[in-house]
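Below, chain A partners chain B and then partners chain C, in two separate complexes.
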Partner chain A sequence: MQKKWVVFFCVFWWQGSNDSLPSAEAVMFLKFSLRSVFYGAGGGNDIQWCFSQVKGAVDDDVAEADIISTVEFNHSGELLATGDKGGRVVIFQQEQENKTQSHSRGEYNVYSTFQSHEPEFDYLKSLEIEEKINKIRWLPQKNAAQFLLSTNDKTIKLWKISERDKRPEGYNLKEEDGRYRDPTTVTTLRVPVFRPMDLMVEASPRRIFANAHTYHINSISINSDYETYLSADDLRINLWHLEITDRSFNIVDIKPANMEELTEVITAAEFHPNSCNTFVYSSSKGTIRLCDMRASALCDRHSKLFEEPEDPSNRSFFSEIISSISDVKFSHSGRYMMTRDYLSVKIWDLNMENRPVETYQVHEYLRSKLCSLYENDCIFDKFECCWNGSDSIVMTGSYNNFFRMFDRNTKRDITLEASRENNKPRTVLKPRKVCASGKRKKDEISVDSLDFNKKILHTAWHPKENIIAVATTNNLYIFQDKMN
Partner chain B sequence: MLRGRRRMECTLDAQSLISISLRKIHSSRTQRGGIKLHKNLLVSYVLRNARQLYLSERYAELYRRQQHYPDGAALLAGPAACPPPAAAPPELLPLPADAPDREARSCAAARGGAELLEGPVCAAPPELQRAPCRDSSPAFYRGAGPGGGGAAPGLLYAAGCDFAGGGAPHCSSRTTVLDLDTHVVTTVENGYLHQDCCSQCPCCCQPAPAPASPPPAPGAKRKYYPGQEEEEGVEEGEPGGGGVAGGPPFAPCTKRARFEEYSAEHPQDSSNISNLISIFGSGFTGLVSRQQADSEQPLNGQLCSKQALASLGAWTRAIVAF
Partner chain C sequence: MFLTSVVPQWPFYNLDTMFVRGLKRKCIDGEEDIEGTLAGIKAIPSYNLQRQSLLDMSLVKLQLCHMLVEPNLCRSVLIANTVRQIQEEMTQDGTWQMINTQSTGQTSLDRLVSTDILCRSSREQAEGKQVPGYSNFNKDFEDDQTQDSSETMSTASSVQAPRNLQSNVWEMENAQENRGNFQKSLDQIFETLENKSPNSVEDLFSEVDNSYYDLDTMLTGMMSNTKMGHCDGLETFSSPTTTTSNSNCKSDLNELDHIVEILVES
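Up next, the complex of A and B:
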């Protein structure tokens, strides 16, 4: 800190003695120094993101079952769960920090892998139910075991992940391998004791919440009371108790009496992080409704409606598609919520309904490409977004394996790439830039050379540290900030 | 609304957008995991937007032609002269639809039809050629209503004028409408009203000044059951929600009104036509073959309507049942 002050004064002095206006470079330098002084190394784009790890297959031929469909840190950040299209859940655990390796935080290694959902067949409707894991949500830890909820299109499961590192030995009637002993050979008795064993992590399904959704489940969210949770499909939201599997309450139903009158569907839903009676759900029309469960049993009438009027100059064939909200996330404080539509991220203050307080363009250069993106179906991609632990930075994904971060304080943004080319640990990621039109500068990438098959839909930020998990199609990248 | 849109990189016109969208809907029926309600709803919005642009273009063109021929001799929906036998399906001119549904229903109800499905135009049968050469534009504009903005979204109206074999400019415009609520097929001829009955000869014209306003003739209604066969992937939770005979038209995903037209192609858009043909199979072929039948047989309104009905049924089933 002191060094920076010295530098600051030196520059000021130098400029003053030259009796001229500060040059542009000097001003920039001043700004940088000032910012470092006031915001510290943790602020915004002063974070230097470094490659830490990458998980997943190397080859370019992606098996469909390996496509990652959800990523979620647990409440402490020690565990990182991913779900894939094949119905599997892989959980990574962070190593305990090594005192000798103080320059980096612990690595994430595979902790448990299990098959959460299997493909099913609905005989009544002749429909196959995909096993793809749509969402994973962790429960806060209450005892030695970990619990998470995972869901596919129709069924939600509560999984218990527990460790076993001891086993009883010394049974009287059983051999060590489990065979029964002939009782006549037993001459003495002993008390079995627990002996340490290799750590074994077991995952077992404790509850299965099924048959409550006609349409495809898109969200689950655990209430702050830690007893109930909601699940949302295209037209309905149900409230469950974690202990009760044969019953759920329907709290939102937007299905019209005549399906021909359907104009919007529910795209995401989340409970408020602090108020156990409040939740929000977003729609395909770009609106967010906040509901209070105390108002009535069926929360069809919203308490608040968040909607920004459309800009008529941007009207196109695809206006409805790009205004559809793909993700909604409350800030940790509960004061704000963030929504992601196709081209932008918006931050809403819960106290102001008529427009967002902040809007960040993720990839505005795609607005002129909507036709092609409609043809190749990319316009239907559902990007997620996430907050950092202090709600000062938001992150979301884009194409060409780019992901974007927006610092709400400094109003600066950065584009980074998840690629195996920056493979060495502690390699600082180089900011990327997309050239929308005109002359392409060096190191810039033109819009037409973006790879739309390489998309980052799922990202997660550690709840406390500057560690992020970014999922490309079938790989999981972990980045950390450079620790001094 | 769409006139202010930014230029698209890939120059898709309304018709190709419509065909792409229909293809997406069709392929979603066979997707693993069942039909995605959200995606199909979004595709239907694109379809609606493309249709509105298409309609407004057609409407403008028609208006221009109308100005050209003020005596109303040739209100053409498409290329002049008799359409060749193997031609593209006749043009449809659905109206621009901006009004909300409720308003549409009330204003359509005033005209006696809640949601009208227009049939393709038939060549004028000989017995109707006697009709005076009249300005058929009122027939068109009646349907148009007070401006495009007030028109009912569900109202689809085909105004077409085929020249008789004689080639004389002749305004025997005829429209065939299907009322989806009462399932009555009505043929409107130059402002005169036919009530199409199964058992009666369609030549019993009962000139009525009103446009299609079909009071149900007892026992004479021709019922049209949408989607009798089991439709795959109907995203309707309740058992038996799809394709019950006589039940309400099932359209689990979006408004049926949006799909109650098909993008009529110019004869030169053969690639789009073949795309649509391949998608909708026999329904489309039936439509095309109907044109041939028209020119071969002496047409009467009944046959025309029936065939229009059959082919439209295939269209509607195919489009709606996704």
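Up next, the complex of A and C:
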């Protein structure tokens, strides 16, 4: 314990002296850090992340269809689903924990792969409808089968994933290979019995929810009543019942009468985890609106509007673009919500609308590069964010295959890299640092050396354990904390 | 709120070399550098120039959209808002007024962009039309935003805007690339249509000039709408118009809609 304290103190001090932080803040860091070490808060600073697995092709030549477009754990964390640009869904299942291997949790192996969406062609507009899976959301498990919703730009599908590990044998009228027997040859009767067979996982589409969206669907969210869900596109949000495919209710419509007046679009939407009448949606202007479906059928008037006033010292032509919210996620408790804009992650208390309670800078060193990022379109990248199971740590991605975690209790943050270089299991990941300007220290990376083609847009955190799934362009990395 | 200081608030890069590795170029970024050496100050392009180049870049972005896949509405809206913001600032500065007086009147209806404009090479474009630059586009936006234009004004705007967009595109340094993109996209469209199994729908569309839809997606890039045709594109740059050119297009479109409706139902 003593050694840990000394090492920790040194690490902190080194980090503190390299950041351009005012000393008052450094003292606060020290206070929080020491407190957590001595009192064992079990926050992010104590987590040592280790490489566990990597899925996907090894070569650098990325096939476009293999680009991962969404990652999602199911409610128990046993299953991990990914969607790609080719319209496929791959589900991984965690192995049952091996009692003899107590130092690592079960590995994730492929459980099922299926083609969820196919490319379509809209003849009226002469445009292709991409088969890229934009979002996957799991339904809570009610019986032996698993259900998930997957969506592309226009159509949402409900998939049932079921296992088959037994088959009937011993029919009277059928041979084992299926051929019918001549009835006259049957002399005795027997009762068919179930015999075990190799596990077969089948995925079948149970519902197809189509033709309700003119614009591109960016979000789906299942309600806490587990009967309804919402789907949001750029200008509208629709409410569906999971059983009914030919009807949906429009609950938000921000399309102006004259499209020339369009200045704002919907970027993300989510149902509250506990209140089945409440949902939020974020916009390209950096606002979040909370709506109550009990207020009216069409929730065009928000119940709450969350918006932080602009910082005049940071104003530029790109202010609006970087304020555009790319993702919004409620905390598991339902008390907070997190939003991701281009440079930061903000945590909002639902009871306070005028400003976020916490703001974390993801890659502030990019602020001086906005013009170039605008030119190469990187400024429009939509990063997602996620909470850990206890709502104490939030995670989001960045460039150069870096991803960042922020501990809300200790106020410490860490930058890690998803790369094949650290691919020995149980190798602890080394924290990374980007040098914003001036002298570059050893092991630091200068901003100009960052690879902006290697972006981590999608990350997911296991609902209960410290296991994270991080998607690079075409690979899925699984990291877990070091178990002692 | 507008940027009022003379010193540029946002840094300007040699955009071509930004991500070239190994090229250790002194980046003119951050306020500390700007307030640095005299040499540094001289090297920084003027604020107006920077703003201008941002405007040009934004206009190019609005036009270059994937022909096969619907353009991203969010991206288009954000870029359009940026353009509007620059426009407003230029209006405040009085910059656009200066440029506006230089523009000549090219209001001939004959110059109305035809549907196959994108199929032509840039050389033909340059020969056929004068190039007043972005100014008229600015003017149109300005008209768009601040007045309820009279019909004549809006007609002129609607005529000029698409054509000037074209001029802008071909003017750009990377016009070569743009042309390539357009051509490539057109090829893709043709290929896709050819690959579909022959049926009545394909026969229907084979007679229609495919660039019809290109113009639609180009001009209405941000205005993803359910109607088709370049008429709607023109509408986006002017107040609601009821020009004769539009009405002709609309009747054609209605016919097309009607035919498709029949096919779909059968």
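Definition applied: the second predicted complex is superposed on the first by the 444 of 484 C-alpha atoms of A that agree within 3 Å, B and C clash if a C-alpha of one lies under 4 Å from a C-alpha of the other, contacts with A are read in each partner's own complex, and residues count from 1 in each chain.
The definition used in the following text is that contacts are C-beta pairs under 8 Å (C-beta built on N, C-alpha and C of every residue); 3 or more make two chains touch, one makes a residue touch a chain.
This is a predicted model, so every value here is computed, not measured.
After superposition onto chain A, the partners chain B and chain C occupy overlapping space and clash.
Judged by the touch definition given at the top, the superposed model places A:452 against chain C, while chain B stays out of reach.
In the superposition on chain A, contact of A:144 is made with neither chain B nor chain C. In the overlay built on the shared chain, the residue A:173 is in contact with neither chain B nor chain C. Shared-chain residue A:297: touches no atom of chain B or chain C.
Of the two partner chains placed around the shared chain by superposition, chain C is the only one that A:121 touches, whereas chain B remains out of contact. After overlaying the two complexes on the shared chain, residue contacts for A:58 are found with neither chain B nor chain C. With both structures placed on the common chain, the touch criterion links A:261 to chain B but leaves chain C unconnected. Once the two structures sit on top of each other via chain A, chain C runs into chain B at 312-320, and not at any other stretch of 132-140, 204-212, 294-302 or 312-320.
When the two complexes are superposed on chain A, the residues of chain A that touch both chain B and chain C are 124-128, 130, 153, 214-216, 234-235, 258-260, 262-265, 267, 284, 312, 315-318, 320-321, 324, 368-372, 374-375, 377, 380.
Touching chain A in their complex are the following residues of chain C: 1, 3, 9-13, 15, 18-19, 21, 27, 29-30, 51, 54, 57, 61, 68-70, 72-75, 77-78, 80-82, 85-86, 144, 189, 192, 196, 201, 205, 210, 213, 216-217, 222-226, 228, 235-236, 240, 260.
Every residue of chain B that touches chain A in the complex is listed here, in rising order: 1-2, 4-10, 12, 17, 20, 24, 32-34, 36-39, 41-42, 45-46, 49-50, 53, 101, 232-237, 239, 248-257. Those residues of chain A that touch chain C in the complex are listed here as 121, 123-128, 130, 153, 214-216, 234-235, 258-260, 262-265, 267, 284, 310, 312, 315-318, 320-321, 324, 368-372, 374-377, 380, 437, 448-449, 452. Those residues of chain A whose C-beta lies close enough to touch chain B in the complex are 122, 124-130, 132, 153, 214-216, 218, 234-235, 258-265, 267, 284, 312-321, 324, 367-372, 374-375, 377, 380.
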